[in-house]
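Have a look at the structure below, then the notes.
Going by the order they are written in, the chains are A, B, C and D; count residues from 1 in each one.
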């Protein structure tokens, strides 16, 4: 897909973050363009989650620098945002992120793709933590947002699920979307993965 | 001076206890709000200067730059 | 990319949220019942504390009923955003493309439907238990309907500001009780006027005016409070 | 003009200028307070109705007036910190709350003590007193909310929102309590009559009001200096300052 430097989905300028008198990162500057898969890496406490929250717009102070968001984005945080009293179907249909109204067919298909076929109408409190994560990941199959910000998406997901998720990421990037994710795992995907190390900067 | 004597000023025709206690309470509170920030500022400075001295004498490598 | 699906408009999104909140509440009915039970039990406390003399109780009834309504509202305000904060839904709500100050109205609306409206509907029973004169009952219901909506909106501000705190329960009372006082004053005054046979509409009109002001301003404060709490 | 605002946002500059102001304002305030108190206590004639107990007016009225004004200072600082994200406005807002609470407390306690010889009771549920009590709760609420947050930056923002909500509500609270009071009982006790105050009483009162405003300013600046130091403890200029500090 042809792309100029102007049509990036997200641009970050001079980002510095300090927490509790300690500098986590400084002068971070990068752009996320369509077709890019960016993995944020760094040891625990390096500020990966903080960075993602800043990118998403949930953190609005405590840092200096500028973030330009040029497109709707989908952010998946540590918490699955799944209500135990609602069924997976209701959780997706009435989701508070308010992206779009999905019909039953779309929701069933998405749930089937995350391996929750047959669980659509079971109350979520009967599901395991990993299944809650999967309900949350089903949003990725439904979403039309070009930019995904995923915070530790592989947590509590089994091997098969990880492989499927990796395929999905490649598909999304191939469609001209972009993904920023934090993970300690090495991604086994069939496309180029850029690594942003918070301690060492942008690596190839 | 309106009052003839010190005792007259103290008693104020029976209203003395009220008036003087009101002023005393006011004095205490005003003193508190004036002295508290002063003490706080001094404590911070003392703590910071002690921290710096410890760092200088302790010679902890890599800590000077912080 | 495929055709981008349109995000639902603010009004539709509010309805979705309202439906979601109400479904959540209905699936845990005890949460709906608790404020009502609280109301009933505290009503029973007052005759025990003040003595069972009917005239005396009737004199205090407007104030008693209003104070209990206020307290039960206060106790439930803390929970408006808490579970959503804990499971991460609140983050997603903040990122939603719809304006946050409209979305929070759905939360407040659900809270009012589940506490204020129900309290107002059951209040005649308790009014009769406290010997409130019959003509005043209608005014009581009307004043509770309007007043508890103000309470829910103001309580929402307190809830939004304290939702990120581990121990918000006690703090929220300290924060919002001062703002509850005008509602209490006019609400009980309306009922008292009705007992005395004086027209109560001026007071009801004032509460309605406060409701208008609260609907206009409280959502902004709630939205700001939520953004701060999620950020902290 | 803009450079002034820019400077106002700079912690070292503000710290220094506050120190300079305090160096002369604090002695002036204390002298003015002493003069005013002595004047009011010893050199004015007693009120012909209330006798000597009226002398409490010289601390009661200034404290009440400044306590109310302090809330507006706090609200304005809160608005500035929310809108322009000015950190020093946040510092100012945070520093206002304890002073305002203390002054409100003084006004309430002295009023209560004044009430005993005048009305024969320590407390009446009069409109003014009740709304002052609520003002105290509002101040304490801000202090409590600030302390409850671990993240002080978030605490400042949350308090600013709360203060602004309070700002909208103060007139409502005041009016409601006023009407509520007039509903209950005839206004047998009036604190502010139309009685023209004698100049011999007015001048010390004006002096005391001015001194209390100065006192508020002094306390505010001192609190702000301490707060600035605490927040900027990691920066170079504070370290240099601390190095020069002899304990």
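One rule holds in what follows: a residue touches a chain if its C-beta (ideal position, glycine included) is under 8 Å from a C-beta of that chain, and two chains touch if they have at least 3 such contacts.
What you see is a predicted model; the values in this text were computed from it and never measured.
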Check: A-D versus A-C: which has more C-beta pairs touching?
Finding: A-C
Margin query: I'd like the Å distance between the centres of subunit A and subunit C, where a centre is the mean of that chain's Cα atoms.
Written below: 36
Check: For subunit A and subunit D, what's the span in angstrom between their mean Cα positions?
Finding: 49
Item checked: Distance from subunit D to subunit C - Cα centre to Cα centre, in angstrom -> 33
Check: With chain centres defined as C-alpha means, what is the inter-centre distance between subunit B and subunit C in Å?
Finding: 44
Next item on the list: Find every residue in subunit D that makes contact with two or more other chains and list them.
Entry: 151, 157, 233
Item checked: Residue list for subunit A, restricted to those that touch at least two other chains -> 61-62
Next item on the list: Identify every two-chain combination in which the chains touch.
Entry: A-C, A-D, B-D, C-D
Checklist line | For the subunit D and subunit A complex, residues of the former touching the latter | finding: 85, 151, 153, 157, 233-234
Item checked: Parts of subunit A lying in touch with subunit D, wherever the complex brings them together -> 21, 61-62
Notebook entry, point to check: Quick one: in the complex, what on subunit C touches subunit D?
Noted result: 157, 161-162, 164-165, 167-168, 171, 174-175, 177-179, 181-182, 185-186, 189, 210, 213, 217, 221, 224-225, 228-229, 231-232
Note to self: List the residues on subunit B that touch subunit D in their complex, please.
What the structure shows: 1-3, 9, 12-16, 18-19, 21-23, 25-26, 29-30, 32-34, 36-38, 40-41, 44-46, 48-52
Item checked: Residues of subunit D defined as touching subunit C within the complex -> 82, 134, 137-138, 140-141, 144-145, 148-151, 154-155, 157-158, 161-162, 164-166, 168-169, 172-173, 175-177, 179-180, 183
